[in-house]
Structures are given as C-alpha cells and as structure tokens.
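Look at the two complexes coming up: subunit A is in both, with subunit B in one and subunit C in the other.
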Partner chain A sequence: MTALAAPAREAAAARRTRAELATDGVVVVVVVAVLLAGLSTDRFVSVANAKAILTSASLVGVCALGLTLIMIGGSAVSLAISQTVAAVGMVFLSAQSLGLVPALLLAVVVGALVTGVQGAVVGHAGANPVVLTIAASFAIAGVATGVTDGVSVSPSGTGYDHLNATPAGLPLSVYVLVALTLGVEWTLRRTGFGRSLYLVGENRRAARAAGLAVGRTTTLAWLGAGALFAVTAAFTAAFNTSANVNLGGTLTFDAIAAVLAGGTPITGGRGSAVRTFLGAVLIAAVSDILLLRGYSTGVQVLVKGLIVLGVVVLVHLRTRSRQA
Partner chain B sequence: MRRLRLARPELLLPLTAFGLTLVVFLLTPTWADVELSSFDVYNTLQILARLGPLALALGLTMIAGEFDLSVVGTYALGGMLTVQLGQDDWRVGLLAAVGTGAAIGLVQGALIAGLRLPSMPVTLATYIALLGLTSALSDGLTKTYSNIDVTLWVDQPVLTVFSPRSLITLGLFALAALLLAGSRWGRELRAIGGDRRASRVAGVRVGRLLVATFAASGALSGLGGALLSFSLGSANPDPGVQPLILAAAAALLGGVSLAGGRGAPLGLLAGILAVALLAEVATVAALPSYVTQLFYAALLGVIVVVDAPDLHAGVTRLRTHLRPPPVPPAEETP
Partner chain C sequence: MSTSRSLLPTTRRRSTPLRLGAAVLGLALAAAACGGSGDDDDKASASGGGGGGLDGKTVDFVGYGADNPWGAHFNKVFTDKLEGQGVEIRDLTTMDPGTAVTNFNQAISNKPDLIVAALLDTSSMVVPIEKAKQAGIPVLVFDGRPDPSVDGDVMQVLSDSEALGVAAAQNLVEGLQAQGKDSGDIIVITGTKSGFAAQDRMKGFDAEMAKNPSYEVIETEDGNWDPALTGKIATQLIAKHGCDGIQGAYGMADYQAVAIIASAEQAGCQVGGADGMVVTGSNCFKAGIEAIKAGTLYGTATEDPGTIAEQTADYIERYFNGEEPPATEVVKEERVTAANVADFEAQCSNA
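Showing the complex of A and B:
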C-alpha cells in the first residue's frame, strides 16, 4: 500500500510546487510591472510622493486590518465600512469638547459596538454577512442622516488637530498603521483568540464540533474590526475637519481591495496583518501611478477591481493546489 | 406533481408579504392625509419595473446557491451604454446593454463554474471594476439621453395602470416562471442550489447551468439599467447600493433562501410587489427618505436573521442553557 501511495504523493508534491511556482511567478511579474510603471512615471520617485502613497495607504490600511480580522474568521466581508467610518467620524468630531482622548475612546467604543452587534448576529446565528452588512450600511446612514438632518458635523473643539501631526515629516497615521499592523499580527499569531479565529475561518462546523466558542470568537473579531474602523474614522475626520454621511467615501471597496490584494482568501482561515499592510501599499502605489499619469478616478477604481479579481483567482488556485 | 402546500416558505412568505403590504397600502388614507388613486397603482408598477429585472437576476443566482453582487455594476454600466451608444438609435443602446451584460455574466459564470471559485469575491471584484468602468466611460458625470420620444414611450400609461416598461418587466417574470416551472432547467437550478455535489453525481451539467444562470443574470441587469435610462432620460455612473438593497429584500421576501435551492419567479414577483407597494406608501405618505431607508434596513435585517441557518440551533442552546433544572417528579401518593 505504501509502495503505491508514495509515488502518488510525490506526484502531488511536484504538482503543488509547480502550481505554487506559477502563482509566485505571477506575483513577481506584477510587482516588477508596478515598479517599472512607477519608475517610468514622472514625479513618482520623490520623497513627497512616497509620503503621499504612505498617507493614503495608512487610512485605508488601518480599516483593512479590521477587515482582515473579519475575513480570517470566515465571515467574508463587511460592506458597511464607509458608513461606519462616516458615522463614527461624526461622533468623534462632535465629542471634541470632551477633549481628544475621551473623544477618541468614545469613537472606538461606538465603532466597536456598531460593528460588534453585526458580528454577534453573524457569529451566533450564522446570518449571511454580506446581506446583513448591506442592511447595516443602510441603517447606519439612515440614523446618521436622521440625527444630523443631513448637515455636516463641525468639531466642538480643536483637540482633533493633534491627529494631523507629522512627527519626523511623516503623518501620525503612518506610525499608527505600522504599530497596529504589528499589534494585530501579534494577536493573530500569539494569542488563543488569534488561533481560534483561524480555526473558525478554516472550518466553522469543525471548530464548533471541537468545542470552540464560534459565536464569541466571531463577535470579538468584529468588535476589533469596529475599533480599527473607528481609528480610521478619527484620522479621516481630523483631516477633513468636518464630517458628513459621505465621509467614508470609497473606503469599503478600498479596504476590501487591500485585504484581497494582500492574498487573504475571502473564504477565511488564512491571511495576516502584514500581508494586508503590503496589499494596502500596493493598491495605494497603483492608484498613485494612475493618478500621476492623469487617469480619472473611474479608471483607478476599474484597475482596483481588476487587481482584486486577479488576486482572488490566483489565491484560489494556489490554495486549491495546496489542498490537492 | 407536487401538491401545493401553503406552509412551504417559498409560498407562505411571498403571499404573507404581499398581503400585508397590500393591506398597509389600502389603509394608507386612514393614517396619512392622502387619497389613493389609480395613479398610485401605476406608480407602484413603475417601481416594480425599476426593480424587477434586478430582483429577478439576483433571485435566479440565489436559487442556484450563488450570490451575484455584480448586478448593480452591470445595471449601472447597462444604463450608461444605453445612453452613450443609443443616442441615435435606441435599439443599438439596448442591444449594447443587454449584450454586454450577458458577456459579463458569461465570463463570471465561466470563472465561477470552471475554476470552482466562490461567487461572492468574484462578483464583488466585478462590481468594483464595473463601477470604475462606468465612471471612466462618463468621466464620473451623469449623462443625459436626448431621445425624448423613447422616454415618453416607455412610461406612457397603458390601460390606465400599466406602461410599456412595467409590461416588459411583467413579461420577463412570466417568461422566467414558464421556463422554471415547465422545463428541466427549473428543477436543475433548484437542485444545484440545494445540493451541488448530489446534483453533479445525478448527472446535472452543473457548470453549463451556472454559466447560463450568470449570463441570464447579467443580461437582465443590463436590460434593467437600459430601461431605467430610457425612463429617466439619463444615466448615473454610481447608482449606490439602494437598488441592491431593494432587490435583495424583494428576493428574500419572495421566498428565495440565501442558502439556495428554494424559490420561484412568481414568489419573486409577489416579493417585489410587496417592496414596490411599501415604496409607494412611503412616497404617498411623504416620509423623509432616511425613515424609508431605516425601514428597508430593518426589513432586510429581520429577513436575514430569520433566514440564518444557525439561529434555531442557537435558540435551542440558549433555551437549554436558561431552562431551570428539571423538578424531580413528585412522589405519587395513593
């Protein structure tokens, strides 16, 4: 029996390495292509532009870290990110009279709660996260419009301006992104929560059978995600100095693009914070190149979508070759 | 031939939803200071015409056990192509919209069926790309359609309450109902939604069926966008998620399950009529738009939670958790 199994296993191993080599090759080609496109673009190689890329990557990146938690846990995506960020940004600015730190804490709590409730429903009841978060996005935008009468919220203090600081010439949000990336990565690799999150994402039913608290783990992941969305919200609101329902802009899709471009499969069980960080930088660099070359926002979004499609296919093929 | 049973969710849910909303609609004059007229029925059918193709597209893929998020992207692109290519001849615009939609669906279906990819990430990526493409085609601006004759024609009243647009949409539903009820296609569609592996073993050509379903979904979405552009006389590069919300709510109210394998076009029609009636009530009663928005969010949220697979298990667990320890049976005293 072993004599028969051994060659089959070797063949499978050979096939696996071939498929993985092929996908790795594609990744290298893409990165080289992006670099070449960048180098051949005017004004791409400059300190100011590098800062611009990092700044735009930092706001999307923090959000994307939150989405990474959701995706690793196997609850697909949240399509309510933009609306959550907008609403939390309003809360953050209108709470400025309390001082910067209390306002920040309040924002994080609100973000975590709003997102955590959705996570609890997804985790405990197994509700479809896509449709649920579409409903949530509608609800959040509706409440925000109702409360503010559709008017922009102005800050009730000036403490928020500290978030616009640029220590050593780089925006504060970049440092925050790096610190949070390391923090999330550590949580995923070194804590019991992180390990059970991967297991829940890999196979929900098996995780439940093994006695893992699937509902609680999922809820915790969404709570964390909401807190990270709130951090992005605070920085975005501080940068804009006012907040309305449209503050979130295209963040939902940008964050999804960053996580997927980092190679985290939407089906869960795999992925890392560092990969998401790299994905965010890649997407920001591509957008930057397209912008410098004079392409419209539409083309930038189109390319983002195509990148996501390509990575989804690639990641899937690679995962399948590993399972084969 | 299966017996008709009202307790089946694909019948019970749409009928209840339609019945309840009809009652709410008819009672509107008692709580809002308005009177209903035949124009309100016409308007309800216009809302049906606006959402119908999209809900049918989403519903068909949901019956097959997939979820086509790209319908709103195809809807936007279809509308834009109709306006930009159909200025001189509306047929060119319509053909471009439906053809492009079908082509997009074919590619997505081939990816999903051929590589056995999950449909959600694929259609999400396509959705993003299509919104970008539509915006790139129009420089991010709303484009106007100058062929007034077509705009007037699609919305002219027919038999007081209908319009060519709502009749076309009703025709689509009738066609889908005939196809799904009377052909092997319908049974196979529900079969692959219910249990993909079993139906593959049973000889259903799953791949081909999926490609066809996604192509139909794309063509319907493109057609929906084209009809909307004809009616509005313009095309908006970003329709937002509202059409998706309403289409999803209509499909779920129509008795289609997110888990797949369940649903029928006539149930879908009842679901979408329910949503259209509610939208008309909101318009007639002049509710602020955010209230309507909250209402739809709550509606969709409730259906998703009720449809959630682990809910019953969770409730049972909670009940056993909370239940007081069983009281030992009292000793019988003779």
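Showing the complex of A and C:
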C-alpha cells in the first residue's frame, strides 16, 4: 500500500508544483507588465514620482498593516476602519492642547480600545466579524456625530503639524510606514503572539484544541490593529487640519484592497506585513501610472478592483493546490 | 391648503383615455381653483402656501444628514428658525442617496404640508418628486438644482454654483497677477464630476478662465468631494508636473483646497506668498478661513450652510404666509480673500 501511495504523492506534488509555478508565473507577468507600463509612461521614472507613490501608499499602508493582523488571525476584515479613523482623528485634534505626544498616545489608546473591544467579542464570543464591524461602524459614527453635533473638529493646538514634516524631502508618514512594517513583520515572525496568530488563523478549532488562547490572541490582534488605525487617523487629521465623520473616506476598502493585493488570504493563517506594504505600493503605483496616462478616477478604481480580484483568484488557486 | 398648478397630479403615467380625461378635468378644475395659468407661471412663483401662517404646519425634511458638517449646521439653523414659529419638522435627513429616496417616499405617505429636500442624487429623486406631485404635496429643493425633467415641479432655493466657479477663477487670476505672473498652469480637483454642483461650478470657472487665456488649466481631476483622495491626486499631479510646473490650483471645496496645500508643502513646493502656488477653494469652511488667514489659501467663496438655511426658512415662511415667492431663488454668493476674510470669518466657520 505504501508502494502504491508513493507515486500518488509524487503525482500530487507534481500537480501542486505546476499550479504554484503557474500562479507565480502570473504574478511575475503582472509585475513585469506594471513595470513596463511604468517605464513607458512619461515622468513615471523620477525621484519626485517615487516619492509621490510612497506618500500615497503611506496612510493606507499603515491602516492595512492593522488589517493584516486581523486577517492573518482568521477574523476576515473590519468594516469599521473609516469610522474608527474619523473618530480617533477627532480625538487627536481636540487633544492638541495637551501636546503632540500625549494627544498621539491618547489617540492610540482610544483606537486600540475601540477596535480591541470588537476583537474581544469576535475572539471570545465567536461573533461574525463582518456583521459586528458593520454594527460598530454605525455606532462609532453615531457617537462621533452626537458628541460633535456634526461639526468638524479643529485642532486645539499646533503640535499636530509636526506630523506633516518631510525629513529628507519625504513625508514622515512614509518613514512611519516602513518602520511599522518592519515592526509588525518582526512581531509576526519572531514572537509567540505572532506564531499563535498564524495558528489561530489557519485553524481556530485546532488551535483551541492545542491549548492556545484563541480569544486572547484574537483580542490582541485587534488591539494592535486599532493602534495602527489610530496612527493613520493622527496623520490623516494632521494632513487635513480638521476632522469630521467623513475623514476616513474610503480607507476601509482601500486597506482591504492593499492587504488582498499583497496576497494575504482573507481566510487567514498566512500573509505578512511586507506583503501588505508591497500591496499598498502596487496599488499606489498603478493609480499613479493611470493618472500620468490621463485615465479618469473611475478607471483607476476599476483597475484597483481588477487587481484585487486577480490576486484573490491566484491566492485561491494556490490554496487549492496546497490542499490537493 | 390650495395647491399651485405646478404641484398638481400629472397624467404622465395614465394610459387609458378615461383616465386621461379624468386627469385633464381634474387639472382644469384645480387650476381654476388656484387661479393658475400656464407653465411659465408655474416657474414664476410658488403660490399655495395658504396664507394661514406657519403655526401648525408640517414639514418633512429630507435634508443632508447631520454626519456631514455642512448639513449639521444647515439643519440646526433651519430647524431652529421654523420650529420657533410653530412649524412641526419631521427629521428624515441622511447622507445616503438610497436612504434619501426611501425617506422621500416616507415623507409622501406622511402627507405633510411641504417636503423640503436636498438632492444627493438628482436622477434617483426624479420619480419620488413625480410621486409627490401626483399626491399633491408641494416640494421645495434646496442647495443643488433638480433634474431638468422635474425642474418645473418643485420650488427651489439654490446655491449659485456658477458664481462659485467664477469666484474661484477670479481668485486664481487675481492671485497670479499679484505675483506678477502673466501666465501660468493650473490644476483643478473637483467634487463629484457627475453631480450638477461640480458641473455648474466648472461651467462658471471655465467661462471666467476663458477671459484670461494666458492662464491654462492643464489638469482637471475628479476628487469626489473627498479630501483624502484629493490629497493623493494632488501629490501625484505635483510629482508629474513639478513645483515649477503648477502655478495655481483649484480645490472645489475648502477642505479639498487644504489637502492640495498640504500635498504641495509635503512635496517641497512653496504655497502662497510672493512666488508660491496660488490655491483657491470655492465654498467656505473653517479650515479654509484659517488657511486664508495663514496666507496659504488665496481665497474662497461663501455657500455657507447658515446663509442658505436662513434663506430656505425665509422662503418657507413667505410660502406659508401666501406671499407667493418666485419658484426659484438663488442665494447670493460672495468671494472671500485675505482682503475681506474678517467680514466672512464668523459666517464661514460653522462647518
């Protein structure tokens, strides 16, 4: 029987290799196509344009890092990112009279708590994260509107302007994105929490059976995500110099697109911060190419959707080949 | 309450001759009762408030949601003013176009004395407006104009979007000329291009810019009234053309203009002053007023919620008092620059 099983395993391995090679080939073709499109686009290859791409990717990228934690842990997505960013942005600006650092800390604490509570419900009570975060988005927007009476929040001090600094000609948010990418990646790869998160995302029941603290791990992931959403909120509010419930704009879906474009599967258990960083940069680069070539915002949105769809299909095909 | 002819039931959807005849007869009788005459008169005034005063009148308010800062201030001023005179206002406000249609239909079934609506999506509001007309419920639209197909079916208190566009162009030309620049390249980041507000502003803007052909609009992008998107687009356009390649920028709302300023500064471009990029908005928000005072925003224009709310409430007052206000009133917009910012600071700092 073992003798019979061996050729079957070899055949399966060969099929898997072919499938993975095929998907890898598609990824290479897409990246090469984007590069060729960029190289053939007037003014794409310039330092100023590279800065613009990184700047565009930075705020979405930080937010997407938070979502990466949620997604790797198998909690699908949060649909309350925009509202959380808006509410925390209001807190950040209204606390400017305390000084930049206290306001930033307060924002991070509020962001972590607001999102962490949702994570606790998902992790400990097994709530559906999509349904829960839809409800949370309404609740957060409602509270923010009620507290502010719908009026935009203006900064109570000027410390926020330091977040708009451009050391060496590059916005501070870009440095923060790179630093946080490395920090999240290190946390995922080198800490017990990171390893637990992958296991919980891969198979929640098995993780629980193995004695892992599934609820606590999920809650921690959401706390971290909330802290990262808060960083985005602070930079976004500082950039716009005011904040209202619309501050988050389309961040929820932009962050989801960045994570998925990076190849992190929505089913959890795999993915990385570096992949998300690359996903955010890829989408920013494609949007930049389309803008430079004169395509409308509608076309940019369409292409972003096609990229995400393509990557999701590829990830699905790879997942199937591994399970075969 | 009598009803003006423009607000009477339509025969558009009735197919049989009998129904058509009945509807025509009904129209004729009602027209006679109202003393109306023709379509031109429909546009000339909005009679039918009854002249019984405001006390006890019901208004279903399908306005912008309070989660929008502009809407929040409008709603407060509008509601306070009318409720203070005994009008019962049912709040059906929302910022979601789909919910607005549902709320409008709910308003029709409530049979109020008047429906007051903001048109988040002009196309989707055509059928509800027609339904209100069939039900004999007068409708007042504020801020943005309705679809042309129902233009004669509603009363209107409108922002002067073309004037806002003209003011933006004047700000840019004036600012560039003050820097001694006889020519220059300009980028424009609009509100949602498919909406009448953005289209009308661009109409006024383009017409004014055409008077000064040495200044060229080199890019017009759709910023969808979204400051984050506007910032991204501005960053990319500045990278594309360089600081030296853009002399002026128009962000259609102040919060978009502020995003352009932030993007330019992050890219190392000088903004304002003797030689920096001249940036203008075209409807005032507190952030814009602060930017004008700081010297980074050259100018803006009004279209502030408080003024429009006051005029809309005033229109309703005249309507219910039977004064027959004109079918359409346009709110006067003012250009704002550093020279007169103090005069408009309070008016423009509520959103």
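Note that in this section the second predicted complex is superposed on the first by the 324 of 324 C-alpha atoms of A that agree within 3 Å, B and C clash if a C-alpha of one lies under 4 Å from a C-alpha of the other, contacts with A are read in each partner's own complex, and residues count from 1 in each chain.
One rule holds for everything that comes next: a residue touches a chain if its C-beta (ideal position, glycine included) is under 8 Å from a C-beta of that chain, and two chains touch if they have at least 3 such contacts.
Just so we're clear, the structure is a prediction, and the values are computed from it rather than from any experiment.
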Exercise. Does subunit B (first) or subunit C (second) touch A:121, or do both, or does neither?
Worked result: first
Exercise. Touching A:131 in the superposition: subunit B (first), subunit C (second), both, neither?
Worked result: first
Exercise. Which partner does A:309 contact after superposing on A: first (subunit B), second (subunit C), both, neither?
Worked result: first
Exercise. Where does A:46 make contact in the superposed view: on subunit B (first), on subunit C (second), on both, or on neither?
Worked result: second
Exercise. Should A:244 be classified as contacting the first partner (subunit B), the second (subunit C), both, or neither?
Worked result: second
For this session: Classify the contacts of A:266 with the two partner chains as first (subunit B alone), second (subunit C alone), both, or neither.
Result: first
Problem set entry | Touching partner for A:296 - first (subunit B), second (subunit C), both, neither | both
For this session: Pick one for A:167: touches subunit B only (first), subunit C only (second), both, or neither.
Result: neither
For this session: Could you say whether A:145 touches subunit B, subunit C, both of them, or neither, answering first, second, both or neither?
Result: both
For this session: Check subunit A for residues that touch subunit B in one structure and subunit C in the other, and list them.
Result: 141, 145, 150, 296-298
Seminar exercise, completed: Note: in the complex, subunit A contacts subunit B through residues 76-77, 79, 121, 124-128, 130-132, 134-139, 141-143, 145-146, 150, 215, 253, 256-257, 260, 266-267, 296-306, 308-309, 312-313, 316-317, 320
For this session: Could you pull out which subunit A residues touch subunit C in their complex?
Result: 43, 46, 48-49, 51-53, 55-56, 59, 141, 144-145, 149-152, 154, 164, 166, 169, 171, 236, 239-242, 244-251, 284, 287-288, 291-292, 296-298
Seminar exercise, completed: Per the touch rule, the subunit C residues reaching subunit A in their complex are 66-69, 71-73, 75-76, 221-224, 226-229, 231-233, 235-240, 242, 255, 258-259, 262-263, 265-268, 285-287, 290-291, 350-351
Exercise. Subunit A touches which residues of subunit B in the complex?
Worked result: 67, 69, 111, 115-118, 120-122, 124-140, 237, 241-242, 244-245, 248, 252, 258, 288-291, 293-294, 296-298, 300-301, 304-305, 307-311, 314
